[in-house]
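What follows is a pair of complexes built around chain A, which joins chain B in one and chain C in the other.
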Partner chain A sequence: MDRLNSRLGALAATPMLVLLGLTFLVPMLVVAAFSVMPPKVFDLWHWPDVSAYGEILRQGYWKSLAWSLGMALASTAILFVICWPLAYAMAKVYRRFTLVLTIGVVMTLFVSENIRLFGWVLTLMKGGLIEGYVRHWTGIGFDGLLYNVPVIIFGLVYVYLPFMLFPLAQGIAMVPDDARQAAADLGATRKRILWEIDLPLAAPGIVVGCLLTFVLAAGAIAESKLLGGQAVIVIADEVETAFTYGQNWPLGSALAMVLIAIVGAIAVVGVTRVDLDALMGRRR
Partner chain B sequence: MHPSALSRAGFLGYGLLILAFLYLPLVAVGFASISKARYLTFPIRRYDTGWYAEAVASDTVQTLLILSLKVAGLVTVISMVVGFFGALAFARYHWRFRGLFQKLILLPIFFPQAVLGLALLMWFNALGVVPSWHTAVVAHLVWISPIATLIIAIRAYSFDPTLEEAARDMGCSTIQILRDITIPLLMPGVISAGLFAFLLSWGNFPLSLFTTGADSTLPEWLYAKMVSGYSPLVPTVGILTVLASVALVAVGLLVPAVLRRWRGGGAG
Partner chain C sequence: MTNKTVLEIAGLHKRFGDFTALHSLDLKVRDGEFLAIVGPSGSGKTTLIRLFVGMDEPTDGTIWLRGKRIDMVPANKRPTCMVFQSLALFPHMTVGRNIEFPLKIQGVGKDQRHARALELLDLLRLPRAYYNRRVHQCSGGERQRIALARALAFDPDILFFDEPLSALDYRLRKTLEKELKDLHVRTGKTFVYITHSLEEAMAMSDRIAIMRAGRFEQVAPADEIYNRPISRFVAEFMGEVNLFSVRADEGGGVLAEGMDLTPDVGPRLGLAAAETGTLMVRPENVWFVGAGNGRGGDMMARGHLRGELNLGSRFQYEVESETGQRLTVETSREGRHDGPLGEPVTLAWSLDRCHLIQGE
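Moving on to the complex of A and B:
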């Protein structure tokens, strides 16, 4: 039975392995190879050099990287605080409303990110939904709320909310009610139950939720472009510019490699600590 | 520990607030789509549905629509098949490299999509493939088929492996087991994965951006118009794509419920 099981497993994995091998792993190798090519070449038949990485250090691209990582960190922290009570309610308080909320939140994922962000532009701009009506009712106008750093973080929080909410709810659902009840019977305060029962037992969901939001927000581009104007340039934007206007593939590849290395290291460390089988609801 | 009625109401209010927050921008787009003015300002003075008529009649919109449908359709079919087998390897069979396989599946989901699109562009270039909507299908698959796998895997976790073992003990072949037990049991998961795949491909922008070449999907066209040369059709077409998704989800939710009732009624 075991031999059959392992043969079937390898067989079933084959289509996915072929797909991801050809369309994910090999392209990553291509990016890595381009990142050590001399500037402004479009093929790989050159002697390797590391001038593109030197360029990154000299041209101050680290600022964009710092902005991306900083804003990703801020939006992850904000999302954790916003989503925790909601995730708790989805797992333990709501009955039928959990389904309504799930469908409602998942639906937003199917609407193109740029339509939703465009909606915020219409809401927050001068003469938009908020400023327009405030001026109409009170007669006092103000400048639009767009084109600054907080609004970019706001956009990240908005777009990546589902990626924090669902893993958190899944994690909290793993906390046994008996453990919370026992702690309460023994006289633990709410705060203590939160610290010593809920947070540690829901840790797999917390780790996955925080990782997912951080990593996606660090590589995000549309929020800073549509809502932030030119307030700050994020790293993904620099990558895109190097490829399109700059026509410098090696520089773009080197920038992408830096982003990939940081994001990949964080993702790999986090994912290896989580028991996926348990989080996704394997039967015991 | 049952929460009091008051805290229950508080949680409910919070949930509704979050939903309102998620849908507010779409409300703004909805208002914009029925404003008569060419340059939009709120409050809207005159309402008009003329932009809808124009969008429906427009040849550009039709071309975009057909292209987006082709991409999403192909992505759906392929990721359902690949995801079905992927989910079995992910959740059901205990084989040697299962842990590694699970991590590999998660990697593309964690990946910045714009960077993924650029990496694929370079790869296609190295292969000598000219980007078109076919390459966009490939790009969407990299990100969407792992998600389909995860959705089907959730279903595969809750399935009882002794059913398959019993069938094997009775002398069924692997193909028979697959056809008569595994596929019917996982079917609800496969269908919801297909729904997700279609809708995620339909709305995807960052993966399409660099991989469609001269072709363009609806979200790409919307973005191009938002960034340069605003057109009053943007909110209208945006709302139409949203309505299409809503209709599909409604069908996806209602059909199984109706079928169940109908079958239940037939038996009773």
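Moving on to the complex of A and C:
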């Protein structure tokens, strides 16, 4: 029976494995292959060389990479701090209101990211909603709030909020109430309970939330383009430019591979540290 | 145990919206005693314990611990501690770190913590090697002991228990009951134990408080609760019992439903004229008339044998009396009643083994 079950498991997973292989693994291999081609070729029939990686080092692409990773880190940290109380409330305090909140947050995902960001552009730009009204009421105008690093981070925080909020709420829901009560009964203050009970027991949710937001924010492009203008160039922007305007596929592929390697390494470290089974509802 | 009061409540009242969970309770817990609070579910015992440890605030009334008012002190500042029904062990910590938790919170140094944890493992008869075990690797009984060790590490003035044994199987429960009683003697701490099982309360405690619908029905030593219950509720709660409504008439005679009594019972019963009451007799004090031990008693009832139950060390019989009442008789193995189901039988018992519950 066990053997039959395991064979059925493999059988049931086959369609998904085939789909993942074709849509995820194959393109990734193609990109990896292109990254070791000579500059500006459009096929894979050349001797491999690593000139594209050399160019990354020489041309200062590390700056874009640093901006992407730095802003991803900042937005992840901000999201964690602002989502924790909200997720806590969703999981533990007002259970009935949670549905309303969930629908509210999920609704934002129904509208495309670019359109929502354009909304913010109209709100924040010079002559837009905020600056326009301030000038109307006070007579003092200013340059608008767009085209700087903080506004890009704001955009990342705004767009990726659901990806932090829901895993966190799921993680916090896993913290047993009686463990918190027992800790208080044994003399722990709220701060100690947060530190000794809540954070370690919600760790799977925290890791998943942080990884999702970090990975998505590190590869984000629309926020820096629409809200940030040319304030900083993020790595995804460089990849796009290399493929389109630069017509240098190997360079774009190499840049993509570097980003994938860094983000992948972080994800692997994070995922191996926590018990994801617990988050999926399996008892420890 | 001394006569000093360690915990005292006065007029303790708790309301949830329209529902009154506790009706102005008064109680004194003596220093070093083992007090069991027993009641059916919904009687308010869990609410009461939550007020004791500070997980909830009373609507009205006060709680004193060693003369200090604590009812408004938050849970983490009260020198009380509770063993949860679920045990509430911390799943992400080893056994050792669980036990050390309260010491860590108190800021005790690492070496001292470790030494104390090992002492407590010894006290609870757990192997020292368990220090580095994870909680989920331990069995149910071991987890009980870990939870106890953690509570003792806190060194509380009073230790509260919220039915911690209810989820265990019978044998383990019996073992742990003995251990708990033994631990109570060895540590000299005050234990307040909540349970819905009277058996558990009888086995362990010095005193029992019976709760019913948010009130204490009776607070007394176990023997007294068993032999002299204050109400029908307590009598029925405390195991099998036979109850008869009795009424004294104007002339000093007694009218009883469902039994015959000798004329001298009336004056000996102590029931005032025109008063009503309930006469209680435990199944082990009732015998079958006829056959070997055929003597009659002060009171008798006729009926038909309806059932026999082998309890191991004793036998329990169900008899349907002529007035339709179900009566229970218990005999020793040797005194076993021999007869087919359905046969007519006569039961007897004596007045000095009866208890009169006045007023009901």
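FYI, the second predicted complex is superposed on the first by the 281 of 284 C-alpha atoms of A that agree within 3 Å, B and C clash if a C-alpha of one lies under 4 Å from a C-alpha of the other, contacts with A are read in each partner's own complex, and residues count from 1 in each chain.
Following the convention adopted for this analysis, a residue touches a chain if its C-beta (ideal position, glycine included) is under 8 Å from a C-beta of that chain, and two chains touch if they have at least 3 such contacts.
Everything numeric in this text was worked out from a predicted model, so none of it was measured.
Touch criterion met: A:15 reaches chain B, while chain C stays clear of it. By the touch criterion stated above, A:133 is placed in contact with chain B alone, chain C being left untouched.
In the superposition on chain A, A:119 makes contact with chain B only, while chain C stays out of contact range.
Of the two partner chains, chain B and chain C are each touched by A:184. Applying the stated contact rule after C-alpha superposition, one finds that A:39 touches neither chain B nor chain C. Using the contact criterion defined above for the overlaid structures, shared-chain residue A:150 touches neither chain B nor chain C, since it reaches no partner. Taking chain A as the reference chain, the count of touched residues is higher for B when chain B and chain C are set side by side. Residue contacts after overlaying the shared chain place A:141 against neither chain B nor chain C. Using the contact criterion defined above for the overlaid structures, shared-chain residue A:93 touches chain B, although it does not reach chain C.
The residues of chain A shared by its contacts with chain B and with chain C are 181, 184. Contact residues of chain B toward chain A in the complex are 1, 3, 7-8, 11-12, 14-15, 18-19, 21-29, 31-32, 40-43, 81-83, 85-86, 88-89, 91-98, 101-116, 118-123, 125-126, 138-139, 141-142, 145-146, 149-150, 153-154, 157-158, 160, 165, 174, 199-200, 202-206, 210, 218-219, 222-223, 226-227, 234-235, 238, 241-242, 245-246, 249, 253. Chain A contributes residues 176, 178-179, 181-189, 192, 196-197, 200-201, 203, 284 to its touches with chain C in the complex.
Of all residues in chain A, those touching chain B in their complex are 1-2, 5-17, 19-20, 23-24, 26-28, 30-31, 34, 42-44, 82, 85-86, 89-90, 92-94, 97, 101, 103-105, 107-123, 127-129, 131-133, 136, 158, 161, 177, 180-181, 184, 211-212, 215-216, 218-222, 225-226, 236, 239-240, 243, 249, 252-253, 256, 259-260, 263-264, 267-268, 271-272, 276-277, 280-283.
Residue ranges of chain C in contact with chain A, taken from their complex: 53-55, 74-78, 80-82, 84, 86, 88-92, 101-102, 105-106, 136, 150-151, 154.
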